[in-house]
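Each chain carries a letter (A, B, C and D) given by its place in the written order, and its residues are counted from 1.
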Amino acid sequence: MSKIIDLNSDIGESFGAYKIGLDKEVLKYVSSANIACGWHAGDPMVMRDTVRSAYNSNVGIGAHPGFLDVMGFGRRNMTVSPDEMKQYTIYQLGALYGFVKAAGAQMQHVKPHGAMYNMAAKDSKLAQAIIEGIWEVDSSLIVLGSCGSELVRAAKEKGLKAANEVFADRAYNVDGTLVSRSLPGAMILDTNIAISRVIRMVNEGKVTAINGEDINIKVDSICVHGDNPEAVDFVRLIKEELSRAKVEIKPLSKFIK
Amino acid sequence: MSKIIDLNSDIGESFGAYKIGLDKEVLKYVSSANIACGWHAGDPMVMRDTVRSAYNSNVGIGAHPGFLDVMGFGRRNMTVSPDEMKQYTIYQLGALYGFVKAAGAQMQHVKPHGAMYNMAAKDSKLAQAIIEGIWEVDSSLIVLGSCGSELVRAAKEKGLKAANEVFADRAYNVDGTLVSRSLPGAMILDTNIAISRVIRMVNEGKVTAINGEDINIKVDSICVHGDNPEAVDFVRLIKEELSRAKVEIKPLSKFIK
Amino acid sequence: MSKIIDLNSDIGESFGAYKIGLDKEVLKYVSSANIACGWHAGDPMVMRDTVRSAYNSNVGIGAHPGFLDVMGFGRRNMTVSPDEMKQYTIYQLGALYGFVKAAGAQMQHVKPHGAMYNMAAKDSKLAQAIIEGIWEVDSSLIVLGSCGSELVRAAKEKGLKAANEVFADRAYNVDGTLVSRSLPGAMILDTNIAISRVIRMVNEGKVTAINGEDINIKVDSICVHGDNPEAVDFVRLIKEELSRAKVEIKPLSKFIK
Amino acid sequence: MSKIIDLNSDIGESFGAYKIGLDKEVLKYVSSANIACGWHAGDPMVMRDTVRSAYNSNVGIGAHPGFLDVMGFGRRNMTVSPDEMKQYTIYQLGALYGFVKAAGAQMQHVKPHGAMYNMAAKDSKLAQAIIEGIWEVDSSLIVLGSCGSELVRAAKEKGLKAANEVFADRAYNVDGTLVSRSLPGAMILDTNIAISRVIRMVNEGKVTAINGEDINIKVDSICVHGDNPEAVDFVRLIKEELSRAKVEIKPLSKFIK
C-alpha cells in the first residue's frame, strides 16, 4: 500500500506595495498552504486573493498566525503571556475565517509562524495557549507543528488532530530537534540528498541525525518554500521524486485523523 | 401596544495599557454593543473581555470595524477603494467572530466606526462594498447605520436586515442628515430636551429639524456613549424615561426582521 | 553657459523582509535622493543603509516623509489637520536627521511623499503646515515640490529655498498641473519623446501641454524612478542625453539659492 | 555642602485619543523628564506638547526610546540584534530632536524604556549598541540608567556622561540589582520608609538590601511616577522631604560631568 504525505508552504506574505513569494507557482505543487493573517505579513487584499487561489488549486487552507511585527516579519521572539498568545491566535484565526467564509471554502489547519512557532515548539504553556485558542474557535482544525514539538503534544492532549512536519533542507539532532541554523551542517544544501532523506523519512520513518545515528521520525507533512525560482524548482522536484517513489501527496484533511 | 427600541453604544475601545470607556457601567443599560475590532481600537485581550462582558450582560454583540489608524482612532477619512473597504470589513468581522465563537456567543450586528461610518453614509459604492463584505461573511447579520444613510439603503438592496440609528444629542437637518458639528446648534446640550426628542422620535417617528420644521424619522436604535460618568448618567436617564414612556428596550435581534 | 539640473528619485523604500527598488543602481545616476522616513516605507536599518549609500555616492540627501500607512504605502489621502501635518513632518525629518548625523552627512532637502505630496500641492494650509515644520527643524533645507504647487509657493513665502520638479513621463495641462493618471495621454510612454520634452523644459523652459499649446515651465529637478530595470535604463539614458545636450546634473544644494 | 539629586519621570505617554499620566502635575516636581518617542507611546502631537511643557517648566528633556509595540507599551522583550537596537535608538532620538529643535530647546539625556531598558541593563552587547547610537547622534547627551547596569557601564566606557538612577519604591538585592517584582518584598509600599531610604541613599550612599545587609549605592537621580494622583502626591512629598534634608533637586545637566 502506498504512503501518503502532505506538502505545505507558507504563502500570502505580500503586504501592500510589497510583493514576495511565488505563490501561484508553489500552489501548483503543494497540498496545504499556511496563509499569513495580517500580523506579520499579509494584508486583507492579499488574504482574500490567497485564500481564493488556494481554494481554486484544491490546496488545504491553513491559518498562519504570527506576532504583530511586520518590521521583523514575525521572526522575533516576544515575551508574551500564554493568555496573550491564546488571544492573538483567536484573533488571527478569526480574521482568516472571514476570507474563508467569503470564498465559500473550508479551513483545514493552523500552523503558527516564525517566532510564535519556535516558542510554541519548546514552551508547553505557550503551546497549550495556542491549542486552547484553536480549540475554542474550531475544534475540527488540524494543528501542524514540528515533529516532537510541545505544540503537537499539546494538540493531542487537548484532543485536536495534529500533523508532524519535517524540513527537507534541515539537519536533525539525535533527539529529533532541528540543528540550529548557526551550527555547521544545519542546512542540507545538496538537493539530491535532501530528497532522498525525505523519501526515507516518509517510507521508513527514519532519518540520519547529524551525529551519524539513525533516528525515528514521524512525518505527515514536508515544509517547502516558494521564495525564489530555485526554491520552487526544488518543490517541483521533490513532488516528482515522491511520485516516482509511489508516495501520494494529499492535503492533511484527507489522511490525518 | 408598546414601542420597542434598541440602545447601542461603542465599547471595547481600550488598547494595551490605554484604558478608555466605562464599559461595565454602560453595559448595564444598553441592549446592543458595537465592539472595536483591533484596527482603530481594541486589542485581542480587550476584544475577548468585551465580548464576554456583553454576552454575560445579554447585550447584542456587534462588530465595529474601523480604519487601521490607532493614532487617529479611526476618525480620519482615508481614500480607500471599495474593494479595500470590503476586505477590511471581512477581516475585522472575522477577527471578532473568533472571540464570539470562543465565548459561545452569537454575533448580532455590524456598525462601521468613525470615518468608515461617515464615508459609508454618503458614498454608495463604499456602502455597497461594506455590505458585500458582511453578506459574504454572514448574511444573517443586522446592519446598523444612520437613518437615511447609503449604508442602510445598500443593506436593504442586498437583502440584509438593517436598523436605523439616531443620536440623542445631535440636531438634524430638514433632509434627515445630521447637522455638522462645526455649525451652531449641532449638539443638543440640554438633557431633558434630548430625551423628549428621542421619545418623540420613537413614539411619533418625528423630530424637529434645526430649521424648526418637523420631519419624519425612522428609529430602531439610539446611539449613546459611555466615555465618562456624565455620559453614563445620561444613558441611565434615557433608559428610565423610555421605560416611563412605555417604550421597551431590546437588542436589535429581537425585533429587526 | 550650460544649464544645470538635478535628477531626483525616491529610494530607501524597503521595509523589513520586503525589498523594493534598485537603489544602488539608481544612485549611480541621480544627484538627489528622497529617503523614506519609516512611516510609509523604510525601517531604521534601511534608513541607515540608504543614508550611507547616498552619502558615499555624493548624492544630496532628502527626507521623504509620508503618512503612517505602510499598508497603503503612504499613497492614500487622510484627512489630517494642518497641525498634524506639521508635527508628522517634524517627527520624520528628525528621525532621518538621526541617521544623517550618525553618517556624518548633511541633509539637503525635503520632498513629501505620495498622498502628503499630492495634498500639499493643492491645499495651501497643509502646504504651509509642512513648511512650518521644516522651518522649525532646519531653515536651511531646500523644499522640493511640483512646479506650481502650493508647497513651493508656501516655501518661498516663508523664506525657505524651493526647487521645482517635473516628471519626465507625465503629460501637463495647460495650467501647468499634471494630467490625471486616469485620463488618456497622461503618461508619456515613448522614451525618446519623454527625453526630448525634458531637454526642452530644461533648455527653453517650455513644454507642450496636452491640448497642444506650449506653456512655460520652471524646472530645477527631474523626478525619475528606480522600481525596475527598465526604469533604471531610462534614468541612465536621460542622464546621457542631458550630458549630450550640455546640461550639467548637480544636487540641488549646488545651485538652488 | 549640600547634596544634589535629580528627580526623573516618564512622561508624554499618551497616544491619539488615549490619555495617560498626569504630566502637567508631575512636571511641577521633577527636574528631568523622559519623553516617549512614538514607538511604544507618544504620538507627534503629544511629543510636541510634552517637549514644550518640559521646556517651559525648566525640566531637563530626555529621549525615552522603546520597542515598536504600542499594544505592549514597549514592555515586552523582543529578540532584536545589537544593530537593530542601535538603529532603533538613532531613529527615536532623531525624532525627538525634531521637536526639541522646533521648541528651541536642548536635549539633555536618554533613558531607554521598558523592555529596552531591562535588556540593556543586563546584556552588554545591546547596551553597547544603544550607547553607540546615542554617541553617533550626539556625544554630549547624558545616559540615564539603573545603578550598576551594563548600560551605565557601556556609557562610561564609550566616554558618554552617565547618571545612575534608583527607584524609591523598590527593594534591592545585595548585589545592587532590583528585587524582581514577582518576589515578596519587592515593592516598598510604605511611603515614609521609601522616603527615608531615598534620603539615606542620597546622603550616605547606602541602602539596606532585602537580606538586611547594608550595601553601597550610587545615586544621581530618583525615578518617580505620575500615573495617578497618589503617585503625584508621593513625588511632591519626596521633593519636600529632600528639601528638608538639604538635598537640592536639579536637572542632570547641572551636575553630571
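In this text, contacts are C-beta pairs under 8 Å (C-beta built on N, C-alpha and C of every residue); 3 or more make two chains touch, one makes a residue touch a chain.
Values in this document were obtained by computation on a predicted structure and should not be read as measured data.
Touching both chain A and chain D: give me those chains, sorted by label.
Common contact partners of chain A and chain D, which must touch each of the two, are B, C.
Report which of B-D and C-D is connected by more C-beta pairs in contact.
C-D
So if I superpose chain A on chain B by CA, what angle comes out, to the nearest 5°?
180
Using mean CA coordinates as chain centres, what's the chain C-chain D distance in Å?
Here chain C and chain D have centroids separated by 40 Å.
If you average the CA atoms of chain B and of chain D, how many Å lie between those two points?
43
At least two other chains touched by the same residue of chain A: list those residues.
Residues 71-72 of chain A each touch two or more of the other chains.
So with touch defined the way it is at the top, what topology do the chains form here? Options are line, ring, star, complete, other.
complete
Tell me, which parts of chain B touch chain C in their complex?
That would be residues 68-69, 71-72, 76-80, 115 of chain B.
Could you please specify the touching residues of chain D with respect to chain C in the complex?
Those in contact with chain C are residues 38, 44-45, 47-48, 83-84, 87-88, 90-99, 101-102, 133, 136-138.
Applying the document's contact rule, which stretches of chain A touch chain C when the two form their complex?
Touch residues, chain A against chain C: 15-18, 20, 41, 43, 70-73, 75.
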